[in-house]
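One chain, chain A, appears in both complexes that follow, with chain B as partner in the first and chain C in the second.
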Partner chain A sequence: MLTALVVLLLLFPALVVLPMSVSTSEILTFPPSGFSLRWFGNLFTDPQWTQALANSFQVAVLTAVFAALIGTPAGIALGFRQWRGQGLILALVVSPVIVPPMVIAVGMYVTYAQFELIGFWGLVAAHTMLVVPFVIVTVMSSVAQINPSAADAARSLGASPVVVVGRILLPLALPGIVSGMLFAFVTSWDEVVVALYLTDPGFKTLPVVMWDQLRERVDPTVAAIASILLIVTVLIMAVALLRGRRRTRGN
Partner chain B sequence: MAIDATSVTLRNVAKHYGNSTAVEGVDLTIRAGEFVSMLGPSGSGKTTTLKMIAGFEAPSTGQITFDGVDVTNIAPEKRNIGVVFQNYSLFPHLTVGQNVAFPLKMRKVPAAQRDERVARALELVELPGFEKRKPDSLSGGQQQRVAIARALVFEPTLLVMDEPLGALDRRLREVMQLEIKALHDRLGVTVIYVTHDQEEALTMSDRIIVFSKGKIEQVGTPREVYDEPATEFVADFVGESLAISATWDGNALIADTLGVLAVPGPALPAGPVRVLWRPHAIGLTERPDADSKDLHVQATVLTSGYAGGVVKARISLPTGDEGIVSITSVGVDYSPGATIDLYLRADRAIVLPTAAGKRGGGMSETDQRDDTTAGRRG
Partner chain C sequence: MVVPLLTLLAVLFLAPLATVVIRSFTYPLDAPGGLGNYTRVLTDPIALQYAGNTFRTALVVAVLTVVIGYFYAYAMYKATPGWRIFLLFAALLPFWTSLLVRSFAWSVILRDTGIVNDLLVGTGIADAPIPLLRTSFAVTVGMTQILLPFVILPCFAAMGRVDKNLLSASRSLGAGPIGTFWRIFVPLTAPGTAAGAVLTFILAVGYYITPVLLGGPSDQPIAVLIENAVQQRGDWATAGALATLVLIIVIGLLAAGWGLLARAFLPGKDQR
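Moving on, here comes the complex of A and B:
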């Protein structure tokens, strides 16, 4: 009973956008009145929204790719064998998760402004930094399952260190890389704090446009886009979780 | 698939990790085609030595040669050695066939030949037709057979095995011991086999190298190591024995309350010694002949337990020494506190100098790395 109450309390604010997004009312209200999909239509016709959707998608995809490129070698190095100073390095590379986003955002704004990096590539760089720890951690847990002598075995069978990484470690780390990329995508997709600082009027991501809209005029398009964000996020996390379940069962 | 064999020589090889010493002063020649076991407790340096032979660790000092060619600094993938690990180390994302084909792929063997050689290697380990299976669908014993097939398929001239049967249960271990021995006889490949199981080493090997605290204690055939142990450590570690502390004054062996022991004098400088008897040199009830020179000692049973067919009794000797004897004869009272008569054969006594600083001292705990570096995940 209590559990149900807690779940409701946690989920209600998120779920409330779903009925609001199909309201016929001109302003954002709860409970909604009537049923209409025109706010969703708005989303795909209004260039402000379509551009923001495209921007967010591009940033999130590139962020996930760069995070994988940086995080995978680090995750393998940190997860596969033990070495001196490993704990310290791990603490350092996952620190972006612990530092308050506002602090990172302000620091980045000041630094990136110097180099005129405000905009698309600046945001990709900033998001990559924020999500690299996710990839590192998921890759680490993937390679931690690999028997350390598998690498020695491969060497003894004639594989050079490069081949060991390519043929043995990377394939075995792949599930971790994919989960890490999914987390990275989702995080970038709905990140707003850093994005507020690093975007400009010519380039805005979806959460930033939503933020603007909520402050200016309150029509249910925001609820529609929130619903889409919610659904996309839930789907991606479900995929990530199911993959994880299948893997644990496989072992 | 008959295979040529490689001879292996280690010259004054040592391995240090920071301030601790894992292996020191190892001099060793392993002949082509020989089956040699490296035997010793955890942390004795046997696994470190094996890793240096395989190339996973570089010696701190010393030289390793294969057939006279220096390989000390050659990468493991260029040594052409088959290696079998305790934990199988199959690649879980590849099928059995792909696992066994891996070394052939690395050697760019054409695909057509590859399949045939994989099939032959799997037949050799009695797993024909297992190509399509995944390693995690196999039992431990089957996985280790696949690992052996993978280590042999490229016809290496040297096969090193690091406690390959350590993860298997006793019955399967015994079967696999015989199979590995049969493979060796059939292929003629040189085998270096690391184990901490003295029975395994005695059954399988042409020669045994006994390690303790990073050094070689003795090299010899199983019979030599058992019947003529070079040190007290070897006598303790390989097989059972009953030992009495005594003093050798150059003429006679004097053992506390037992007085002078009527045992052939050893070729040793005067000093404290241990006099040992293997189980087959200890009589329990049989009265010896009248002219027998056997030593008659009365021992007190401290504890005893039935061990299937025999009773193992921990006994105390009048000299204060304690030991374990196996009682196979009926009619011996082995309850705690009972006195039993031991007849120790004078001509089978082994006299060894007392190990200097036997308890504590030496290299103590510093060389525990040996088995811990192998992997934190067991």
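Moving on, here comes the complex of A and C:
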């Protein structure tokens, strides 16, 4: 009974967003009045939304790629073997997750302006820093499963370090890289506070447009985006969970 | 292999933080405040009030998420595999849905014409809609919902590692189920619970979106004060001092809880 209440608490916002997105009303209401898909159409025809969607998508993809490029080697180095000073480095590289967003946002706002790193690339750089801990942690957990003697054996049989990394460590770290990139993408896609400081009227990401709307007049396009994201998320999670379940059964 | 990452972190992450800290001493430019900026901020009643809002909310949310999250994790632990998947799914879904959208959904649910008030008035529990939005209640509900997964996951993981033989031993030595739960199971899972609590508190201190969208004037966090100082007045002395103080507290908490957090959230060789 209590569990059911907590499940309701967890799922309530999601359950409310879906019906709101198909309302015929001009403003967001619950329960919805009537049924219409116009707000979903709006999302793909109104230039304000299409531009924001495109911007967010590009930023999130590049962020995930850069985070994987710099996070993977670090994750392998931190997860595969123990070395001195590792704990301190680890604390430093995961710290972007816990630093309050407003503090880092104002700092990036002035510092990046000095490098003239603002707009699109500024936001990609900022988001890469914020999400790289996800890649590091997921890669670490993948390579932590590998027995170091596998690498030692390969080395003693004549494999060069490059071959050891490329043929043993990278393939085994791949699941970690992929899930880390997924976290990175979703986090960048949803990030508001830093984006508010590093975007400008000519370049806005989806959360920034949504934030502007939420503080003034709210049209149900916001709910339509949320619904699409929700459905995509549920599908990805369902596939991941079912696959994970089959794998544990197989063992 | 960590060098490229550390270089980029130094330039793109640490330099911005350092800039904020430096500006807390060197601004205002015409008359650098030095430590005076800190004494001014620490004796400013408005800053203290916002600090009070921030830490009060973070504490309440941390306590609530731990109580609810531990209970939920225990339900997952006891559930059949099918239900466990469903409960895990329900716990993870919010994790993956937009924070902005969730905060906004709560504002729709809790407003005077929202579903909660419709229910309260419709069933006769309340005569007129109770103002729920723009209150501490709304902020607490919204942030608790958003931060629950950070407690549920480490608690559930800690429960999975409990040696079941210890529980049977406790029972066969005469302890009842309740005694076994409180005196064996809860202490054994305490590190995971504590890690969840520390992380929730640290994250809650930094929250901005949810309190702004759901809270009233007495729920606004320090982040709002920092934002106002920068955006409206370009007052880097105040913003810098406030941000540095928040940073010191967060880093202090991270350092204090590092052992617990690393064990609960970071993969390690020793856990294999």
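Throughout what follows, the second predicted complex is superposed on the first by the 231 of 251 C-alpha atoms of A that agree within 3 Å, B and C clash if a C-alpha of one lies under 4 Å from a C-alpha of the other, contacts with A are read in each partner's own complex, and residues count from 1 in each chain.
In this section, a contact is a pair of C-beta atoms (placed from the backbone, for glycine too) under 8 Å apart; a residue touches a chain by one contact, two chains touch by 3 or more.
This one's a predicted model, so the numbers in the text were calculated from it and none came from an experiment.
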{"item": "Combined model on chain A: chain C and chain B, fit or clash", "value": "fit"}
{"item": "Touching partner for A:137 - first (chain B), second (chain C), both, neither", "value": "second"}
{"item": "Contacts of A:82 with chain B and chain C, given as first, second, both or neither", "value": "both"}
{"item": "Touching partner for A:233 - first (chain B), second (chain C), both, neither", "value": "second"}
{"item": "Per-residue touch tally on chain A - higher for chain B or for chain C", "value": "C"}
{"item": "Partner chain(s) touched by A:12 [first = chain B, second = chain C, both, neither]", "value": "second"}
{"item": "After the two structures are overlaid on chain A, angle v-u-w for chain B, chain A, chain C in degrees (C-alpha centres, nearest 10)", "value": "90"}
{"item": "Partner chain(s) touched by A:94 [first = chain B, second = chain C, both, neither]", "value": "second"}
{"item": "Which superposed partner A:123 touches (first chain B, second chain C, both, neither)", "value": "neither"}
{"item": "Lowest inter-chain C-alpha distance for chain C and chain B in the superposed arrangement, angstrom", "value": "6"}
{"item": "Common interface residues of chain A - those touching chain B in one complex and chain C in the other", "value": "82, 144"}
{"item": "Residues of chain B defined as touching chain A within the complex", "value": "54-56, 75-77, 79-83, 85, 87-93, 102-103, 106-107, 136, 147, 150-151, 154, 374-377"}
{"item": "Chain C residues touching chain A - in the complex, by the definition given at the top", "value": "1-2, 4-6, 8-9, 12-13, 15-20, 23, 68, 71-72, 75, 85, 87-94, 96-102, 104-106, 108-109, 114-115, 141, 144-145, 148, 199, 202-203, 205-206, 208-209, 213, 223, 226-227, 230, 236, 239, 243, 246-247, 250-251, 254-255, 258, 262, 265-269, 271-272"}
{"item": "Footprint of chain B on chain A - complex, ascending", "value": "82, 144, 146-150, 152-160, 163, 167-168, 171-172, 250-251"}
{"item": "Chain A to chain C touching residues, read off their complex", "value": "2-3, 6-7, 9-14, 16-17, 20, 28-31, 70-71, 73-74, 76-79, 82, 87, 89-96, 98-104, 106-112, 125-126, 128-129, 132, 136-137, 140-141, 144-145, 186, 190, 192-193, 207, 210-211, 214, 218, 222-223, 225-226, 229-230, 233-234, 236-238, 241, 245"}
